[in-house]
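Here come two complexes built around chain A, the first alongside chain B, the second alongside chain C.
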Partner chain A sequence: MSEEKGNADSKKRIDRRDFLQGLAGIPVLGAFALAALKQESYRRTRKAQLASAAVPQGDAAEVNVALLGVGAQGDVLLNSMLKIPGLRFKAVCDVWTEYNLRRAANLLKKYGHEVNTYEDYREMLDKEKGLDAVVIATPDFWHAEHTVACLQAGLHVYCEKEMSNTLEGARRMVQAARDTGKLLQIGHQRRSNPRYIFTHDVLLRELNILGRVVTAGGQWNRSAAPDLGWPKKYEMPVDRLKKYGFDSMHQFCNWRWYKNLGGGPIVDLGSHQIDIFSWFLGANPKSVMASGGTDYYDKATHEWYDTVMAIYEYDTPRGTVRAHYKTQTTNGSLGYFEQFMGDQGTLVLSESSQIGALYREKTQAGPWDEWVRKGYLTEPKILESKAEDLTQGALDVRETISPDEHKIALQFFDPYHKPHLENYFNAVRGLEKLNCPAEIGYESAVAVLKVNEAVEAKQTLYFKPEEFLAQGAA
Partner chain B sequence: MLYRRIAIVLVMVALLMGVMPVQGQDLKPIPIKLPKAMFVGTPQNINVPNLEKPLGKPREPFLAPAGVVNVALNKPVNSSDDAPIIGELEMVTDGDKEATDGSYVELGPFVQHVTIDLKAKHTIYAIVLWHFHKQPSAYNDVVVQACDDPAFKTNVQTIFNNDHDNSAKLGGGKDKNYIETAEGKLIDARGVQGRYVRCYSNGNSNNDLNHYIEVEVYGLPVK
Partner chain C sequence: MNTKLLSTFQWITLILLRMIIGWHFLYEGLAKLLKGNWSAYGFLMESKWIFADLFRWMATQPTVLQIINVVNIWGLILIGLGLMLGIFTRLAAVGGILIIALYYVCNPPLVGLFYSIPAEGNYIFINKNVVEMAALLVLLAIPTQRVAGLDLLLAKLLQQSSRKKN
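This part shows the complex of A and B:
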């Protein structure tokens, strides 16, 4: 697009924007319009969800569920599941019988579920014969063993991410799902988030609203926090800790920081967002370089890196995309989000409904008024009043023009994990396809686990395309 | 002369509002000891209307007459839920305000309350309430009352109420919703008098459950 044409377009767009601003200035009309836009947006998203499911209708029968691992993350999942109809909780297993297990059983009792409780998952699988599905939220290094055993016992499995702390373990999980024919959903819950699905299916794929995406980015900033403690009166005996792979209660409560048990913040936090890079770009990475270290916390108790910065390179069908990702655990400012930048616009998206906006590249992109009218986006918010000076003809076209900000009209206020769990249980009932089956979870694990390798190697590491295929599973 | 009149009017307004103690009393910051700040784990989707804006800085000291202390410390607690999911009711007044496992009592879903027996009638200047500050969350329908009747049937004084739609059926309130932090929620009790303090909630922005780490009641015995 020539500079001259770009300038002329700018004038036209300002007129259109003025019109939209005028509409927004009429409060009553604006309120009705917003309600209509939201309704239309919701309808489109549901339609998109149903279209992507494309599965035969089945019997929405009650699903008998067991929980394996009911610590902090298991508790989050349980509270989401309690809002999903048609689930009957039958059994709960957790090695911390004095606290986690007791708490989960008591909680379920409040909702009318009388469950059998177990310390050892093998005893649970031996004794519980009426189960349909299990939800696993144990530490990462247990995922492979737990998942494979449950699949082989004939259960469908929802397993928290990271799928495994090793690719060997993740491959065994994929193979077990293939061998048994049972479902294995990995807990990358953004894959079922209506805002993410709408953004991917409608804004990016259908409208190509960003144009040619050239860069992506993401971050998860978390405030410094003390190590997790535990109630002394409920401590586990040492022999039980050892039996399940932990040296101490401190290590049990803070396992995410330990090599051989978890993957550190880049895996706990970055995994969700690096998974979005691949999903939205439609490609797995071809290389990664990274820098990281335990710069703030005690290295003796924080074996994994508290700070990591990584740069990926993707070969997408439309060209190269470079993506940077940062996770730090010493300052929570600016929170967590993903960002995609194309020649037509920028997308900033987060699991938090408060964050989610598109910024139109005024000099390149055509007007987005139609997407506003259709309810995909809110009306534009002018970010910089100086932009009004454009109408005076004094603009130097070499300057960058502040983009207008459009919010994604679709709002989502359920618990974050609920849609992903609903998708899983609907798949168990034969009503939907999994949004994050084992193969997708495996691809994500390959991309994420390589970051820690790159930090250690201090050089760019390259992915072979076949690495993402879970070949060679035992 | 004019300044004197203005000063008298201001003092009278302050007295009527209950924010100024009896003339001549020495005011001191109440001695609140804060726990470690947290906010860890998987974030939750918070959608709460009428939400108070965060201060963005430490809270100002709250002034009360000299000698005011936490009179709830180690006092007995009962609850609408006598079989908590985890933890014990004694944790509400045990002085431990940390947001870690073992520091809180988790009550069942929907409307629940804890009631603290101060063992004698007290003049109450402030109540500081920690539900659960490990993750950002807002508790629904927070209602705080003082009373001399352990059954809370007669002469109930409501000190705080953010149940805007009266969903807890205790009478609607106009106080703001708020996000839990390590600072706790400081409620100006304006010198109400009572022996029992009751705190209601109706689940929170993350789930249906009700948590109490600590409730502090800053006051003086009524002589």
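This part shows the complex of A and C:
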């Protein structure tokens, strides 16, 4: 500390004390620099981790591809595939030659792919000899026949889910894949989604961030919508419709609602999420009970249930887990997501990148700061009671402290199906293993198709462990 | 200056206050600089109160926004360094007060104004910006830089050079 001195000259000279006082800020600046450098290094590591997780690897050896079924879902897959390097489209097949087939061929032409077009898949398999892989997006009841024929023709197959509308069909698909040694990827695309893989591999398996999971849940709410229509001038002739298993254009366009053709919303929507239950819990279900019905739409054109609620029970390596699932097609509020609740935290995850958070149970779980520093989670948002909430009623002593909300730091902005298709094509190139091979798709089909049975039976149905093994395909 | 006006402990607390505020400013600026793509856009667009139109207009003008971003980042860094090292301290304190005042009038916690960006606390009229402005006013009033800071050496050097000239 500088002090007053009697001598005026000495006051104006810089002495050792002045020097030390003058440089007092330097050590603080040094400490600041150390902290800032450390923080910056964490930030860069985190950025690099996220970037590497989001960018698929692999060389782009050209794969010759055919498309079988280019309706609404086939179009979604095609638009994803057009963003994947190293694909050469050779042929497209669709029974709706007037519309689907022409639209897909025109789109591919714009991207420089001259393709041969076919109405009948058998003609395509006969004539196209240079194919490596086929992507099948036909109605569910055609999957088994198309997949088996393509595998037997020596092609690797990507088949949309649901694998088949019958377990018998699904078993034939597994058998054909085993017999031919060709790859069969089933289109449960969340299995390749970087956020789902990161959540499963790192957050759940490596960190056990949720602790002992006891309950799970899922939902897909979709707004009411009119039946799908078609341009009258492109209508298919009745004899062709009959040839391919449809009674009318209405049934062709809305096949998902018809028994024997599709499986209804629980299969179209629920199968994605019920598949996640099995994957994340590491177990297939032990039982299912369900309630459902065509409560809103016309039963004549909506044979499958527009509203379904199901409750599964799982025997996991860590104990029983009960999971509920709901799908409804009359109100889209609250969207679609899966949730898992353990004694340490809650996970809410969705294919939609808007939804994806973890909630730490403050009374049970230790701090998650380390995972935030490592870039796995974002900084917590404190969920506290707002003043306006308190006006609704006094806090109850039975309420526990609000959990912290962390977002999953890994973001994913590509088309949802792209990573799963990339995984398939990289497997065709011998660079990766399939994320959803036939056996996994079969297990998922067993769990999902049983819901419709449980609705009919109006009682709890039990799974035998051997049901999941594609017996008869062995 | 007469340092005996305050006790050693009192000086230390005030110097500590200056360092802490300097640290805050410096890191706010540095973090934005390192982030690379930081922009004041969101903050300006969120503006409420009587200057809201002006701030939103600034956000929508690319050149103006670019200038605001650069001035804000480097302003924060230089003010932080000034306070921490005690160099041009009064200028840094005035700059700090002005820059925070701008933040305040852009998004003031006044009665009836609500923001979609969640705050980490609850405020009415007085928020942490006002507290930091008040602290800077104290530092403007009490020259801690003459006790600890490069301004002390600068003043002595200037005195020595003027004495030599005389």
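Criterion: the second predicted complex is superposed on the first by the 398 of 474 C-alpha atoms of A that agree within 3 Å, B and C clash if a C-alpha of one lies under 4 Å from a C-alpha of the other, contacts with A are read in each partner's own complex, and residues count from 1 in each chain.
We take it that contacts are C-beta pairs under 8 Å (C-beta built on N, C-alpha and C of every residue); 3 or more make two chains touch, one makes a residue touch a chain.
All figures in this text were calculated on a predicted structure; none of them were measured in a lab.
Once chain A of one complex is fitted onto chain A of the other, the partner contacts of A:Ser353 are limited to chain B, with no touch recorded for chain C. In the superposed pair of complexes, A:Arg222 makes contact with chain B only, with no contact to chain C. In the superposed model, A:Lys233 makes contact with chain B only, not with chain C.
In the superposition on chain A, A:Gly332 makes contact with chain B only, not with chain C. If you count the residues of chain A touched by chain B and by chain C, you find the higher number for B. Contacts of A:Lys110 after superposition: chain B is touched, whereas chain C is not reached. Once the two complexes are laid over each other on the shared chain, residue contacts for A:Ala61 go to neither chain B nor chain C.
Note: no residue of chain A belongs to the chain B contact set and to the chain C contact set alike, using the contact criterion stated above.
By the touch rule above, chain A contacts chain C in their complex via residues 1-4, 12-14, 18-19, 21-26, 28-29, 32, 36, 39-40, 43, 381-382, 387. Of all residues in chain A, those touching chain B in their complex are 72-73, 76, 79, 82, 99, 102-103, 106-107, 110-111, 222-223, 225-226, 228-234, 253, 332, 336, 351-353, 412-416.
Of all residues in chain B, only 36-45, 47, 83-86, 98, 100-103, 106, 108-109, 206-209 touch chain A in the complex they form. Interface of chain C with chain A (complex): residues 2-4, 8, 11, 15, 19, 22-23, 26-27, 30-31, 34, 81, 84-86, 118, 120, 122, 146-150, 152-153, 156-157, 159-160, 163.
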